[in-house]
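One chain, subunit A, appears in both complexes that follow, with subunit B as partner in the first and subunit C in the second.
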Partner chain A sequence: MQSARVAHLGPAVEALVIPFGALAVALLLFGLFMTVLGHDPLEVYALIYKGGFASSFSWQNTLSRAAPLILTALCVALPAQAGLMVIGSEGALVLGGLAAAVVGHQLGGMIPSVIKLAMAVAGMLVGGLWIALAGALRQYRGINETISSLLLNYIAIALFNHLVEGPLRDPASLNKPSTMPIPDVNMLGNLPGLDVHWGLGFGAIFCVAMYVLIKHTTHGFALRIVGGNARAARLAGLPVSKLVIVACFLGGAASGLAGMAEVAAVHGSANASLIAGYGYAGILVAFIARQNPLAIIPVAVFLGGISASGGMLQRRLDLPDATVLVLQGIAFLLILASETLYGRFKIFKPRETEPAAAVDKASSLIVQEVAR
Partner chain B sequence: MSEANSYLNRRDVLKRLGAAGVVGALAPFGIRAALAADKLVVGVIYVGPRDDYGYNQAQAQAASAVKKLPGVTIIEQEKVPETNDVQKTMGSMIEQDGATLIFPTSFGYFDPHVIRMAEKYPKVRFAHCGGLWTEGKHPKNAGSYFGYIDECQYLNGIVAGFTSKTKKIGFIAAKPIPQVMRNINAFTLGAQSVDPKITTQLIITGDWSLPVKEAEAANSMIDQGVDVITCHVDSPKVIVETAERRAIYVCGYHADQTVLAPKGYLTGAEWNWVTPYTTHIQDAIAGKSMNNFLRGGLKEGFVKMSPYGKAVSEAARSKADSVKAAMVKGDYVVFKGPLKDNTGKTILAKGAAYQQTDPVLEQMNYLVEGVVGKA
Partner chain C sequence: MSELGWWGVPIAVLGGALRVSTPFLFVSLGECITEKSGRINLGLEGILVMGAMSGYAVSYLSGNPWLGVLAAGFAGLLLGLLHAVICNLQRVNDIAVGIGLMLFGTGLAFFLGKPFIQPKAPTLPSIPFGGWSDSPQIQSALQVSPLLLIGVLLAVLLAWAFRNTRLGLVVRMVGDSSDAARAMGYSVLLVRTLSTAVGGFLAGVGGSFLSLYYPGSWGEGLSSGQGLMAVALVIFARWNPIHCFYAALLFGGAVALGPALQSVGITSGYYLYSAAPYVLTLAIMIVTCSPRRTLSGAPGELSIVR
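Up next, the complex of A and B:
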């Protein structure tokens, strides 16, 4: 009983210590870099903390920036469970946002909550179908899904621009072509008590739901078998193509929902400002989170925090935006590199000969973690 | 046991490194003293890099010039997208840095971002670049500043008209929106004032910053015999460089690009944002109410021309200078009859004219005769 629990805890602790260790090393290296550039590294650290994490304002800043990334990362992480490398979240986001904008305007006079729901459904449906297309192309036509989803991004953006600047353009939007505006009453508000829009809530709920689906249902189990070995899954009688396409659909739906939240909570219509690279940033988040839906949340928050801190560094130290990209680059490189360390620390493995000692060790590690 | 120890040591090291990082981040000392309270803190936000040789650089040059004004602290942030990020950036400048005047410089920042923040922070002034502020519709603590840069594009056109030997000049544009079409038309009309036979080849790239497409467009125009080129994209850098490499001439836009093309740079249409920046800052310091709608051309000092390059002939200089002098006096009209669009439709009859401030010019949706291309 005890050793079973330890066997569970060891890897969990490992999964915390390794990335945080990598992050600490990254901060140190960044401090070194700043010192070379003639800045006081302690001041830089203090500003990073102040910009992203010190006050309720900075936390809300961080969370706002994280919100779209959580959903776009799911667009990568869900197909990845089935062994697919989909990078089409940008396309799903813009088309999902466009669908939501059209629905939000067309249904103008109905009950706001119905319209909000309809916008969310439209965004998810269009985003989902877009990525499902990449999955279907792979399953039925043997087209590499990474390439096809990347190309689908370009098609989506071209289609988006064509529609927004052409048939769907609000004639009153002269120098910034946009779709017809969504009436204010139908806009999504902020999360209660926060200056962060509902996209964050959607993302958190979506992540938890997908985690449960993948780890605790037979469908999720089947999906992971497909990801492990599609041929074996087929031999076992699993509907491989269906599972792959559904995973792609769910991923695309997450991205489409991100687009809907951007349109319905921020922009109020679909226009080129929606093409902001959230889809591409989501790829990064998914990889750092090792395609785990739950891990996506803290990683996205971390990335949001760095982006919030970056503004602080720019404003106070007159540093270019690229400085933050250096920190981000170092951090993510080290976190990815640290993956090779998994399983190499004996301390995280349960020792069958001395279970009691292992429990002590593990619990003391947890205490240390918490203390940090 | 010894092996376990060595792992422990490695972990220890990791732990210490981590602790050092966290302690560093938490250190209360070392933060630069918060921005001085008795100074006007002015925040400037750019959508792209400050050194883009284009739109953002023109704004950054003004920001850097007003740094010298007494009692002013400038804080800047670049590469802020037109999303929620810009709202948070404005909020950070206000909440964390104490800014009370903000220049959100990208056109796309206005609706909904500037409007929303102006409603949320009624004591802070938001001076947006563009012409979007409308009396009665938008908050009083927000405003627009913009310049009639088509005057400068007209002068560009005059110089291009004198310089071109093939009588084919080129314009690379980002999007077919009124603002851009006004520049294309002004450039063409300027050139045609020198020689009515001149045509303008138009290529629309589709977005504000697509360097690869811009270079391709420039190359394909040059292959077709275009020998003077100008543009309306966020950063003219690659277009100017491509023109120089292919040994043709180029007129700049947004900022001075002479250094990128010392041989082929003729002149350029530049913003002179120091004028509106200074007005807004002085009003804020004096406590005067905000001037919500600032506009001007060469006369008011909102736009200016780059110095002439070596390749510009005497004739071109004197013609351009005389038109410029008339514009500065305020008695030169760019859009006057007879004027036809490139489908043959009459825009203005002989004798009719659109004055510079005429709002109908802000809705321009046609290309004048002589422009080869479709919006």
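Up next, the complex of A and C:
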């Protein structure tokens, strides 16, 4: 029994060993790159650790950067359960942030907690509808969701720029066009006991909730059937279009919430700082996490940590701030490539004897039944 | 805009379109070749930026901008190869790898390009086609980059090659049915690898246009996402190289319309014009697609149309 239990853990161990192995190779390659350029790779590693994960200050920086990535990754991972490849999180984030900024300013005089709730709802609603549109176009018009969500990104950003620099512009924002500021009392605070804003809390809660939804509810099960084989799901009488659109809506809502948190906890108004590529980075996070909502959290924290160490490398070694982008790029490409290794190592394979025996027994029972 | 008045707007749009469309043209031709072979490369944005950087750096170091263009192409070729080699592995998603490559390419370009932000490199010459006119606006609008001419010739050549040459037919066959290609004895992976590498080369050249012609300098904000837009553009052009040229002009014109109208005092809607091509692409897809019919002209093996 002992060995059977260990064998059962095989796939889980595999899912840890392969990406971490790829990460180790990526760090080695990056170290080699640094050595070629005349830097001590060990010092670079140490500084990355120091800048990203060594002190409470660096953790605070890391987690603040991870917060939007967790939510934008969900925008990819949720539709992915239904077999969709949505890359529109950037657009949903930008428009969700804009909606939150408008609501936060318009409701200026009300009770702060009501306003915060209204901002979150506005962000989620706008982001959700934006991605649900991509889902609906796919279900009802047969338009590939990858293409439509990419197009929707550009339309969203253009709409955002138009509104922020035009009708919604705060006349007082001269150098950096912004919407009217959200009053300070209505800004999202920090998580209790941490110096990290609530965006991280939203992300963590959203991830856990979606994990439960996908893995432990009937709706989630239905969604995964759609992802596995949409035709079979339709034959089984599942409301395929509805499930797909709801998954897209939830994903877009996560991204819109990311925009809301960036606006209501960091920037204080919607402006061009919101268009920072979180949506595209979130796509990578989702893929590295293999579309598992719980795995998204550590991957986003890891990515946030590398970004956070950029300043340290710049100050201590006079390296360009793009150094961390190079490391992220190498790490992502290698981890994505390592996807091919799954199932190729014998040691991770679950023992086949017992299930096979069970099947044999079942089939012999059936044969007996038929013979009778 | 004095003596031309309102006529200045279309002329400025034409001039802007001719300038802005060149990187669109090269990147979309590159993407077109890659997609014809049945694979999509979303990393052309990274390749474009890397091409802009290496083109500028080599032009600065060697003093010859054409050497820079070539270097940009080779940088793009290498990154295209990287994408192809990773995607050749089983079960690796080409869209995700493309976005990884976008990050890697821009990161590497910013990293290596840091020392080249300040110095002034020799840039590409332009061919004045407006000599017949006295108007300075028309003269400046018709300053055409030799790269644009090369791009147009390339588009014609590619359209012909896809129809009439063995090589072009093999690429299309691999993109439409890998089973058929395998049955004919062609290596699907090899054809896709080469197509992605060539696509990378063209995207790199498109990047060198940004740093060596217009705007004509290297900096981190150089690209405004032309590499990613090319993916939309190829769909708009229905995988036809000649249509890629028209689409590039249209997309470039849409970008140029905002500034042109601004110069005659119309400042509203600046950003909406630049979004027009995407709205148009989406609208065309809404009209022509249906749940039972995918885009016509699309390579059958392409993950985004299956």
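As a convention for this text, the second predicted complex is superposed on the first by the 340 of 372 C-alpha atoms of A that agree within 3 Å, B and C clash if a C-alpha of one lies under 4 Å from a C-alpha of the other, contacts with A are read in each partner's own complex, and residues count from 1 in each chain.
Here, a contact is a pair of C-beta atoms (placed from the backbone, for glycine too) under 8 Å apart; a residue touches a chain by one contact, two chains touch by 3 or more.
If you're wondering where the values come from, they're calculated on a predicted model, not measured in any experiment.
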After the match on subunit A, would you call subunit B and subunit C a fit or a clash? clash
Which partner does A:L150 contact after superposing on A: first (subunit B), second (subunit C), both, neither? second
Now for A:H105: first (subunit B), second (subunit C), both, or neither, which partner does it touch? neither
Between subunit B and subunit C, whom does A:E165 touch in the aligned arrangement: first, second, both, or neither? both
Touching partner for A:P320 - first (subunit B), second (subunit C), both, neither: both
Of the two partner chains, subunit B (first) and subunit C (second), which one does A:K116 touch, if any: first, second, both, or neither? neither
Single subunit B stretch clashing with subunit C - from 25-33, 61-69, 187-195 or 241-249: 241-249
Subunit A residues where the subunit B and subunit C footprints coincide 161, 165, 320-321
Subunit A partner, complex, touching residues on subunit C are 42, 46, 82, 86, 89-93, 95-97, 99-111, 114, 225, 228-229, 231-232, 235, 268-272, 274-275, 278-279, 281-282, 285-286, 289-294, 303-305
Provide the residue numbers of subunit B that touch subunit A in the complex, in ascending order. 3-4, 7-8, 10-11, 14-15, 17-22, 24-32, 43, 49-50, 75-85, 87-89, 91-93, 95-97, 107-108, 111-112, 130, 175-179, 206-207, 362-363
What residues on subunit A touch subunit B, complex-wise? 17, 20-21, 23-25, 27-28, 31, 40-43, 45-51, 57-58, 60-61, 64-65, 67, 161, 165, 174-177, 195, 197, 262, 266-268, 271-274, 276-277, 307-308, 311-312, 314-318, 320-321, 345-347, 368, 372
Along subunit A, where are the residues that touch subunit C in the complex? 85, 87, 137, 139-144, 146-148, 150-152, 154-155, 157-159, 161-162, 165-166, 280-281, 283-284, 287, 320-326, 328-330, 332-333, 336-337, 339-340, 342
